[in-house]
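Paired with chain B in one complex and with chain C in the other, chain A is shared by the two complexes that follow.
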Partner chain A sequence: MKSPFPSRTKKADQAGNGAAPDENGAVVEEPKPSRKEKLSGHKDLAVHHGGEAGKDVAGWVDSRTNATGIFTAMMSRHVPKGTNWFYTLGSATMFIFAMQAITGVILSMYYTPSATQAYASITHLTNDVFLGEFVRGLHKWGASLMIILIFLHMARTFFFGAYKYPRELNWVIGVVLLILTMVMGLTGYLLPFDQRSFWATIVANNITASGPVVGPYLADFLRAGPDFSATTLSRFYALHMLVVPGLIGGLIGAHLFLVVKLGTTAPPWVRAARPKGAQRSEAVVAGVAVADSDEVSVSSNGVVANGSVEAVAEEADQAKSKTEAPEAAAGPEVTEAESAPEEPEAPEEPEAPADDEETTS
Partner chain B sequence: MPDSQEKNLSAEDRPRTKLPEAEPRGYFEGESLTRRKVFVVASQALGGIAGAAVVLPAIGFALAPVFERGKERWEAVGTTKDFVPDTYKQVVFTETLGIGEVGKTTAYVRQGSEKYGEDPTEYIAISSRCAHLGCPVRFVQAAENFICPCHGGVYDFIGKRIGGPPVRPLDRFQTRVTENHIELGPRYSVTNQLKAVRTRDPGEFTGGIWEYLYPPRPSTFPPP
Partner chain C sequence: MNNREKEEYLREYEQLKKKGKPFFPYAIMKDSVMFLVVAAVLITMSLVLGAEMGPKADPTTTTYTPRPEWYFFFLFELLRVLKPPALVPIATVGIPTICMVLLLALPFYDRGAERIPWKRPIATITGILIIIAMAKLTLLGASAGSPSEIELATKPQYEQGKAIVAESGCLACHAIGENGAHGGLGPDLTEIGSKIPRSAIKQSVEIGPGIMPSFRGLGEEDLNAVADYLASLN
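Take a look at the complex of A and B:
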């Protein structure tokens, strides 16, 4: 029953228990300020409120936008144990997209989207303009590279099972992004307007038209008429320059937002210490207050993030022993360091991901 | 969450009582809509109208070419003496204006042949656009076939498919004779029985139920 959203869980944990004594009479320590609180720097608000704004422009902006907090929350968020180079494929794709956007804008400074002048402008750009060949080459090869990287990124997501709950929506967004990238490839292919791009576009249009019922109308829409005409090129150019990049940019934003919100998954070969859900239901059965089991999960999260794997195993055991003998149990902070695991039946797995809900099933 | 309920019960035993719902400000007996609701609906409706006034014309602007038909164009490609019934002559003419070389297309023209039940005063103009995916076919005199270089589509002398992936015979152009000059007009497609229909894009079947699955488009000209 543990919420899959780490941020929500944390908030609930903070709200759930103060310094109040729990049912066993042990005083639970005041929770330390969470990482989030520390990073967002809300306490500085008062400092940057008034006259010293001019002294510290960055601080002035930061106190009004919390830019640093947002940036740190994004860039130094927790990642599961086992995160590896395969996890960089998405960033690599985004880097290529940025490169395509920049080179595309530069190319558009020389390009003329007219059926009679397009080819000449591309020839001029390639042969005469300083570094024109290089920029066009970057754009051309970057397009292929982007498709390759997307498929590798997609394969990583698939084989690591990262498309499963709660990340299905991000998979769907990713698929839409893949399709939009292919639309970019299709519309961009026509723009040089040589024989190859012209005939490839004719064929692509006719494939579109061969879809039953709506196909013929769709092809008319793409071509802006019953045949390839003067409007077709400018239509493809507008789609390639304005419509599709805008959609891709917005969807990349949504994609990243969900990545930050939901966190990433551990690789499948890294397994959880034990199902957290099971631990929790045991606690409920034994009548231990909810605040306690929450406290355990919080500290275990923190410990795993710090990388001490054995401590987690101990803690899991601690939680178990507590459920079985509530009177004997002390607060988790006390036992965390010293007590050794004594429950023989607990099947411990030394590799434990930080906040990975996938592996609990 | 069963556990949170348990906690609440153990913490305090008194049952929760629900307060009666407060009446909205300015409410009077028998009122069916609150002022707030009226203003919410009204402002959203106004926003919707303003949005539609911008978005609908833009969509119409982008979609208009689907419903528009261009002007009929006829172009002379030769005199009656240039064409014979036994073989085709290749002519190039402009199908779409304003885009230079790209707007030109190739047709294979011959005089009507009695061998195929055609009127000798008529002229047949067959489009070079392959009925598979639109590559340009060429007429091979030795085989008396049209052959497509892309995917191996083969058509016989009168343009009917005899091999490869094409789904229908080659398209044709309307022809007319004005003062001994052969003029080519709008394109049209044919069924396998050579019945003229409105032009379809390559890859679309013609005739029978296909006329409904690939409906005629308003942007094309009616068949002769």
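Take a look at the complex of A and C:
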């Protein structure tokens, strides 16, 4: 691999790679453009100019990762019309998770995960270390805030119907993230090793053990044996420090990937088309519809593969025939909204009896 | 949602997106303001509420309060509601598991195309009811303290056992007379002496059946005193 720095490029030159230094002492890499082009597709980035090392490094990274392109695409992607403050809850949850990670790392620098020393190390951190209690407070209350924000974020997703097509998978990932966050709360609660946390964990473990089939085994695994012992604390520590945060981090990545790929939803009552004056003539309707068909079929989602063009063309035909009647001026979006409520009721019904158990218990 | 509705949704969404604003700076701006608000709340909470430490964990202790973090109160309250021993596994594992499966699978059984909350009343009302139920259970769990006083009169020879029971946190889950957790995690102990023999009482306290923790740490003498006192309740 070639380096943009002169000292090493000279070696490379001697080694007979054929790169020729220009008058500035930098190397114009001509012999292997094909490889760089294969990696990046940007021929211009493969050329280095002397005196711009920063740019060179950025270019070197960029030609291999397309980082700038991805970043620009992420930043300039549009959020739909009507996006409001409710849509900040997800990123706020992620922000709190980042805070928890940072304060957690600081706490781990002072914490001793042993049954005999855990309490003393936390006491030392709280009472003696500069800002120790403050950081511990951030971590402790950050956990509560994270739970609150996750529930608010989930409530927004639920009531806005944002878990529906095409975002079903992201809902599933989100619920797993909620469960993992609660596991974090449970495992972290034991770590200070005071009376409250100790006995709450004992009861939590007994609850786990009361579960059918796997319950006793799971409880034994968590306790690291049939009884609560010194190993239990280190086990909870490992889960809290390594396993669960790793899973959460990975799943947040997947969650975000899908958010960027599919886009955030608009509030469900926001419509793209204005109810009146949207269409004045056949020509406009047809024009809009055709333009839309292009949009959908080339959309980055990749969800609409086949049949969209035909369907939209059909839509355009319908719209054409409707333009005689002034009511139809609202366009296909509004007619969809009015006709929809009849159908979805039926599939929702199995939800009601099942959820009754939850609410009445 | 059939294919036509899916396509309509995507087409509508594509238009909404076109009419929307770029993520940077508009959404970033809102997110950043939200970050600042969250950070301010968090810092205030940490400064005002601090991070108290209880006494050190002591497995041989006689006084403790098994209280979880507030966001698990609703689960603990669920246990209080369903107290018969046969129902305990349903409350501890059954209902939470069913709820989680229902939550995970939500997009797969609610497949309607409608998204506006007031046009899908079943989902919206169910969601609101669940929120109310969870809030109520959490409040109940928050208000359920663990008293350490037993007003029920007893004979002088059982006073020692009564004192140990009172300070051992039994009343966090059990009721004795007017005190303790009525409808709590554990059975009412007011007349326990007439229901099961002293030996069984002692064994229960020692082993901690089901979700009850073991009180073996009390030591033989205190265990006997507790068993004597509880056996005298009838």
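By our rule, the second predicted complex is superposed on the first by the 217 of 361 C-alpha atoms of A that agree within 3 Å, B and C clash if a C-alpha of one lies under 4 Å from a C-alpha of the other, contacts with A are read in each partner's own complex, and residues count from 1 in each chain.
As a convention for this text, a contact is a pair of C-beta atoms (placed from the backbone, for glycine too) under 8 Å apart; a residue touches a chain by one contact, two chains touch by 3 or more.
Bear in mind the structure is a predicted one, so any value in this text is a computation, not a measurement.
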Which of chain B and chain C A:V105 touches, first, second, both or neither: neither
Partner chain in contact with A:S210 - chain B first, chain C second, else both or neither: both
Partner chain in contact with A:A58 - chain B first, chain C second, else both or neither: neither
Chain A residues touched - chain C or chain B, whichever exceeds: C
Partner chain in contact with A:F228 - chain B first, chain C second, else both or neither: both
Touched partner set for A:E168, first chain B, second chain C, both or neither: second
Touching partner for A:P268 - first (chain B), second (chain C), both, neither: second
Chain B versus chain C as contact partner of A:A67, first or second or both or neither: neither
Touching partner for A:F198 - first (chain B), second (chain C), both, neither: both
Touched partner set for A:L242, first chain B, second chain C, both or neither: neither
Overlap of chain C and chain B interfaces on chain A (superposed complexes): 115, 198-199, 202-203, 206-207, 209-210, 212, 215, 228
Footprint of chain A on chain B - complex, ascending: 1-4, 6-7, 62-63, 65-66, 68-70, 95-96, 98-100, 102-103, 133-135, 150, 199-204, 213-215, 217, 219-220
Complex contact set, residues of chain A against chain B: 1, 115-116, 198-199, 202-203, 205-207, 209-210, 212-213, 215-217, 219-221, 223-231, 233, 280, 284, 289-291
Chain C - residues contacting chain A, complex: 1, 3-24, 26-28, 30-31, 33-35, 38-39, 41-43, 45-47, 49-51, 53-59, 61, 63-72, 78-79, 81-82, 88-89, 91-93, 95, 98-100, 102-104, 106-117, 119-120, 122-124, 126-127, 129-133, 169, 208, 210-213
Chain A - residues contacting chain C, complex: 74-83, 85, 87-89, 91-92, 95-96, 99, 115, 119, 122-123, 126, 133-134, 136-145, 147, 149, 155, 158-168, 171-172, 175-176, 179, 182, 185-186, 189, 192-200, 202-204, 206-212, 215, 228, 263, 265-266, 268-273, 292, 295-296, 299, 301, 303-304, 307-308, 311-312, 332-333, 336-337, 340-341, 343-345, 347-352, 354-355, 357-359, 361
